[in-house]
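Next come the structures, one after another.
The following pair of complexes shares a single chain, subunit A, combined with subunit B in the former and subunit C in the latter.
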Partner chain A sequence: MQGRHVIVNDNMKSSPAVWQKLKRTRMIYLLILPTIVLFLTFTYIPLVDGLRISFQDFRFVGQSRFVGLKNYIEAVRTPGFWRVFRNTVILGFSNVVLTAFVPMILALLLNEIRFKVWKRFSQTIIYMPHLFSWVIVGGIWIFMLSPNAGIINAARSLFGLEPLYFMAKEAFARPIMIGVNLWKQAGYVCILFLAAIAGINPELYEAAMIDGAGGFKRAFYITIPELLRTLQVILLLNVMGALRIFNQIYVMRNEVIAPKIDVIMFYVYDRGLVQFKIGYASAIAVMIFLLTLIITLLAKRLIRYKV
Partner chain B sequence: MKLSLRKPALMAGLAIVLLLVLPALAFTGGQQKKTEEAPVIWYTKIQGGREPAEVPLFEEEVERLTGIKVKMIRTTEDYDTKLAALLASGEPLDLVYIGADVFESLWDQQLFEPLNDWIEASPVLSDPGIIPQSEWDRIRRDDGEIYGIFNKFEQGTLPIVRMDWMEKLGYSEPQDLDEYYDLLKAFKTQDPDNNGKDDTYGLVIGYTLYDSPGIFGAYGLKRGFIKDSSGNLVAPWATEEAIPVYEWFKRLYAEGILEPNFITNKSSNFRDLFMTDKAGMTFYWAAWVGLFNQQVKAKNPDSPFKARGLTPPKGPGGRLLKAGNDGFMCIPKYSENKELAFKIAEFWHTHEGNVASTLGILGHDYNMENGKYVLTEVGKAHAMDHGAPQPKSLKWKNPLGELEGFDEAAAIVREYAVPQMPTPYDKIWETIVRSEAAKIILGDITPEQGIKNMQDRFKEEGIYNK
Partner chain C sequence: MALRRASAGRRLFLLINSLFLISLVLTMIVPLVNVLAVSFTTDLESYENTIKLWPREPSVEGYITLFQRVAILRPFLNNVYVTVVATFLHVMFCSMAGYVLTRKSFVGKVIVIALVTLPNMIPFEMIIIPVYVTVKRLGLMDTLWAIILVKVVTTFSILLMKNYFEGIPKSLEESAFIDGAGEMTSFFKIYLPLAKPGLATIVIFQFVSQWNHLLPAVLFLNSSEKYTLQLALKSLVVSQEVVSTTQSVANNARMAGIVVAIVPLVAVYVFAQKYFIKGIMVGAVKE
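Showing the complex of A and B:
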C-alpha cells in the first residue's frame, strides 16, 4: 500500500498523470460545475460587489464616489449601531445556547417515553412549529399575547390578574423573542438529537443495565456523551446564524419594543432598503460577515469541532 | 458501471448547456422584442388589475385605449424595498409608481427625468381644468422642475363614526375633544349594539396613532416635520404643545375606551373590528367610509351599519386633518422608452384613463349596456379601485356615483386636510414618535418624559442639527 501511494504521488508530478486523473474524475467536476457557477453568480460576485459599495457613496445612477472608510467610521460612531449590536449579541447568544441544550433535554425526555403512539404524538407536536413560516408564528404569538383576546391574558384573568400588553412592554420584549424562537426551532433540533440517540450502540445500554445502571445514569454516562458530537454541530450551526436574525424581528417588532429587539440585520435592511443609505448598509453587512467568520472560527476552536 | 457514469454525464452536460444557453436565449429574446416593439415597463404598487391574473387583462385594456403596449409589474408587499432593488440593479423600468416619502429619500440620487417641458406641452396635463397649476407648483422642486406626475386625489384620514350607533344613543356630531371623549365613552359603556354584553370599544386604531392627525390638529400640530423660521426641522408632535393630546389618548386607554391592541393592530385588524360591531369610531381614509358601508352591506344587506366621516375636533389650533401623501408616476432617467411612458402617465388623467383607474377593465369589471356603465360581480368586488379610485382630474365624475358616505367624507378632507411636508427623515419620525407616544398612552412614561425622549432621539439621529 505504501509503495502504491508513492507511485501515485510521483505520477501526480507529471502533467499527463494529472490530466489522466482529471479525466477519470471529470464527471464529478462536471456535476459540481453548475453549483459552482450558481454560487459564484449569486453569492460571491454580489459579496465582492457589496464590499466595493461599502467604500462608496453609492448612487443608483451614474458614478458612485469612493469614500474610503467613511461608511465604516460613521457606523461605529452611530449610537444606534451599538444598540442593535448589543441586542443582536443578547438575542443571538441566547438562541445559540437555548436552541441547543433545551432540545437535547427534550430529546432525552422523549427517548424515555415507552408508549410509542404517545412518543410519536409528542414528537409531532414539538416539531410542528418548525413547519410554519415566521409570518404565521409571529401572527400566532402576537394574537396569543394580545391584551384582550389572547390566551395568555385569558389564563391570567382566571387568577384575577389584570391583562398585560406583553408586546408593548420593553421588559418582555427579549424574553418573548427568545422564547418564541425556541418554540419554533426546538422541535427540529430535537429530531436531530433523537436521530443521534437512535444511532447509539444498544450494547452500551445492555452492558450498563447488566452493571445495574438506572435510567438517569444511562442517560448521563452513555446518551449525553454520545450526543456531544451532534451538540457540537448544532452549536456551530447556531453560532453561524446568531448574527443573522431577521425574519422573526421583522414580523414581530413594533415601535415600542424595537429599541430592545432590533438586530443588526434589521438595521442593515432599514438603513439600506428603507432609507436608501446603500453604502452605509453595505459597510455594516461586511462587518457582520467578518464578525460571523471570526466567531465561527473561534467557536470551531472552542468546541474542538473537526470536519 | 459505464451506464451509471453516462447518466450523470448526460445530466451534467444538460445542466451546463441549460446554464449557458438559457441566459443567451433570454438575451437574444430581449433583443428581438426591442426590434419589434418595446412595451412600456410599468412598475407599480396600486395601479392595474387587482389580482395577479388580472394584470395581463389590464395591460390589454391600456393597449386597447392607448395603442401602446405596456408590461405591468405589480407588487404590493414590500414595494419600496423591491423598487429600490430594481432601480439599483438597473432593471429597465420605464414608468414607476413612487410615494412622496420614498421619492424624497431618493431625491439626491437624481434618478428621475425632469418633466416640465413634457407637462407644458401636454394638452391633458397642462389643462388647469384637470390639474390646477397650484398643484403642479406644490410639487415643483427648487430647481424649478417637476419630476413626477400625480397618480390620484390622495384624500386624507379623518374620524369615521358608526352614525347609526351615534343616533341611537342620542348624540349629535361632536365638535371638540371633550365631546369626542363623551361620545367614545358612550360607545364603550352604553351597549350600542344591544347585545347585552360589555364588548364594544369607543375607538379602534392601529400602528399607534398613524391615522390620528385629526386629534393633534385640534392643537394645530402637523404630522411629521415642519420648518421653523430659521429653516430648521421641528416635529410638532414632539413638543410640549402635544401634551394635552397624549393625555387625551392616555385617558381613553386607561378607561378601556381605546381598543387595547392599538400598537400591534394592522389595518385589516382594526378595519375588521370596526365593521364587526366592536367599536364605534376609527380614524382612517375617507375612501373607506364608502368601502366600510359597501362591505358590510354586501354581507348583510339588512345591517343598520352606517359609517360616516366626521368633522375633526376643534381646539385652540382650529381644525386640521392630514391629506394623503402624494403618489407619483416617474420616469427613470435611464429609460429608453420615455416618450411612450409619458403618454401612459398622460393617459391616466384622460377620461378613458379615469374610467380604467376606477371602474377597471371593460368586459371584466364593467360592461356597457344601453350606453350605461354596469359593474360586473368582479367589478363590484373591486369597489371601483384600479389604482385611482378618486382620480386627480377635476373633470372626473364617476358615472356610477360614489359609494355611500364617501362624498361627504371627501368634502371634509378637502376642507381641512393639508399634506405632510415630505423629508428624507419621515421614516425615522414614524419610529421615534410612535414608539414614545405608545409608551405615554400605556402610562409607562409621563408625556413630558416622552416628549424629551422624542427630542433626544431626534438629536441622536442628527435630524435636529440639519
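Showing the complex of A and C:
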C-alpha cells in the first residue's frame, strides 16, 4: 500500500527523492573514509612500497637505484638469514603445536572440576598473562631466572645448588622461549576450548552415561571429537602467527643466546632499521610475507576439506 | 548428578586433577606475588638470594627510584595519552566502518569490503620497513601520532561491530528513515546506542593492545621525552645482567616498574571481565 502511495507521488517528489538518496549514499562514503584512508596509508601503500624497495638499493636521500633481484640473491646466500629462518621454524612450529594441544588438555581437565567458584577462579587467573605485554612477561621471567636474587635460583640454593645462569645458556634458550610463550598464551586458548565444550549438546553426555560410559570414555568419544573444529581453527590462527614472532625475542634476547633464538622479524628489523640495509631487509620481509600467505591459504584449504 | 556413583578410580582422578590444576594456577600466581613483594623491598633486600613472597621490611624505595631516577611518570603519561586517543579513534572509525558494511547496497560496496577485510592478512611486523619510510615521509617520526595512527583501525573490530549492528532489528531504522532521518542520524542515534556491548568489547581490547604497544614505539620514537611505557620499561626490566654483572637499577625498582604497568590492566580486567570473555568468543567464531 505504501509502495503505491510512493509511485503515485513519484512525479511530484522525484527530484527531492533522488537528492535525498544521493545525500544518504554520500554519508556512507563519509563514514568509511577514515578507515580507507588509514588502511591505504599505513597498510596498502607500505605493502606496495615494500615490494618496490626490495628491488632497489634504497636510500633516504638521493636516487634509489633499481637492482633487480640482487637483494633476494644476497639474502638466500647469507648464512645469517638461514640461521634465523631455522630458529623461526623451530620456535614457530613448537608454538603452533604446544599452544593448541596443551590448552586443549587443560580445558578437558578444568572441565572436570565440579566446584564452580574454583573453576571460575582458575580460569580468571590463567587468562591473566595474556593481558600483559611481552616487556612485562619477559621482564618477569628474566628476573625469575636471574642469578641475582631470582626466585628459581633462590629455590635452588635451598637445596645447596649453585645459581644457574639460565638466560646465558644456549641449551636453555629455545626451551625457555617456548615455555614462556606457552605460559603467556595457554590460558587464553584454554578459554576458547572451554567455550566450545560448553557448547556441546548435553544430550550426548546423557546418552553416553545411560550406556555406562565413564569419564575417560566420555572425554575420548564425545568431547575430543566435538572439539576438533575448534582445534583446527586454533591451529590455523597459530600458523598465521608463527612467522611473525618479534616482541618476545626483542625483549628476551641477549648476545649470548641470540644465535639460538634470533628470528626473522628481528633480523629484518635489525638489518633494515638498525644497520639500514633497507633493500636487503625488505626482500626478506617480502619473501616471508609470501610464505605466510601460502601457508595460510594451504592451512585454510586443508581445514575446509576435512570437515 | 554425575558424582553420585563416583568410583574409587574416578575419585583418585579428581584428586590428582585438582592437585595438578592448583599447581598450574600457582605457576601464574607465584611470579606475580614475587614481583609485587620484591617491588616493596628495600634496595638491599631486593638483592638477597631468597624466595620473596612478602617483603621483610616493606619499603617504597623501589618506587622512589622508579619515579625519581628512572622518571617513569613521563612515559606513563605518554602511554595514557596514546591509549586514550587511539582507543577513542579506533572505536569511532571501526564502528563507522562496521555500520557501512551493513548497508544494503551502494556503489563500490565490493571494493570497500575487500579493502577493509584484506589487512587481516598483512601482519604489521612484515611491513615495518615501508611503514617506517611512510612515517618518515609524512613527517610523523618521533611523534606520538605515529603510534596512534599506524594501527588505529583493525579488520577484527570492524567485523565485530558489523556483527553487532546486524543483530539490531531493521524496523527501528526503517521507521526513522520514513521520518526523514539520514544515515548519520541512523548511525549515531539508533545503531550506536544499541551496540553498547559491542563497543565495550572493542574499547577493552583496543585499550589493552594500545597500552601494551611496543613495536611502533621502537620504530618511531627517538627522544626520551616521547618514550611510551613499554619502551621505557624495556631498558629498565630487561637489564643485560647475563653479560655484565653491574646493574644500574636495583631489583625493587625494576619490579616496581612492572607493577605500575600491570595495575591499569588488572583493574580493567577485574571490572570488565564479562566483556573479555565475550570478545574472545566473538574473535574465535569470526576467524
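General observations
Just so we're on the same page, the second predicted complex is superposed on the first by the 260 of 307 C-alpha atoms of A that agree within 3 Å, B and C clash if a C-alpha of one lies under 4 Å from a C-alpha of the other, contacts with A are read in each partner's own complex, and residues count from 1 in each chain.
Here is the rule we use: a residue touches a chain if its C-beta (ideal position, glycine included) is under 8 Å from a C-beta of that chain, and two chains touch if they have at least 3 such contacts.
Remember, it's a predicted structure, so these values are computed and weren't measured experimentally.
After superposition onto subunit A, partners subunit B and subunit C are found to clash with each other. One of subunit B and subunit C touches more residues of subunit A, and that partner is C.
Residue contacts after overlaying the shared chain place A:Pro79 against subunit B, while subunit C stays out of touching range. Of the two partner chains placed around the shared chain by superposition, subunit B and subunit C are both touched by A:Ala168.
Contacts of A:Thr43 after superposition on the shared chain: subunit C is touched, whereas subunit B is not. Legend: residue contacts after superposition of the two complexes on their common chain; A:Glu112 is shown touching subunit C, with no touch to subunit B. When the two structures are aligned on the shared chain, A:Val274 is found in touch with subunit B, with no touch to subunit C.
In the overlay built on the shared chain, the residue A:Glu255 is in contact with subunit B and with subunit C. Touch criterion not met for A:Ala213: it reaches neither subunit B nor subunit C. Of the two partner chains placed by superposition, only subunit B is touched by A:Val61; subunit C is not. Once the two complexes are overlaid on the shared chain, A:Ser282 sits against subunit C while remaining clear of subunit B.
Where the contact sets of subunit A with subunit B and with subunit C meet, they give residues 27, 31, 34, 60, 142, 146-149, 163, 165, 167-168, 254-256, 269, 273, 278. The part of subunit A that touches subunit B in the complex is made up of residues 27, 30-31, 33-34, 37, 58-62, 79-80, 142, 146-149, 163, 165, 167-169, 254-256, 258-259, 269-270, 273-276, 278.
Across the complex, subunit B meets subunit A through its residues 5, 8-9, 11-13, 15-16, 19, 80-81, 84-85, 87-88, 105-106, 109-111, 208, 259-261, 263-264, 332-334, 424, 427-428, 430-431, 434-435, 438-439, 442, 444, 460-461. Partner subunit C is touched in their complex by these residues of subunit A: 20, 23-25, 27-29, 31-32, 34-36, 38-47, 49-50, 53, 60, 106, 109-110, 112-114, 121-122, 124-129, 131-136, 138-144, 146-149, 151, 153-155, 157-158, 163, 165, 167-168, 183, 187-188, 191-192, 195, 209, 214-215, 230, 233-234, 236-237, 240-241, 244, 246-247, 250-252, 254-256, 265, 268-269, 272-273, 278, 281-282, 285, 288-289, 292-293, 296. Put simply, subunit C touches subunit A in their complex at residues 2-3, 7, 10, 13-14, 17-18, 20-21, 24-25, 27-32, 34-35, 38, 46-52, 92-94, 96-97, 99-100, 103, 106-107, 112, 115-116, 119, 121-123, 125-134, 136, 138, 149-153, 158, 182-184, 187, 208, 211-215, 218-219, 230, 233-234, 237-238, 240-243, 247, 251, 254-255, 257-258, 261-262, 265-266, 269, 273, 276-277, 280-281, 284, 287.
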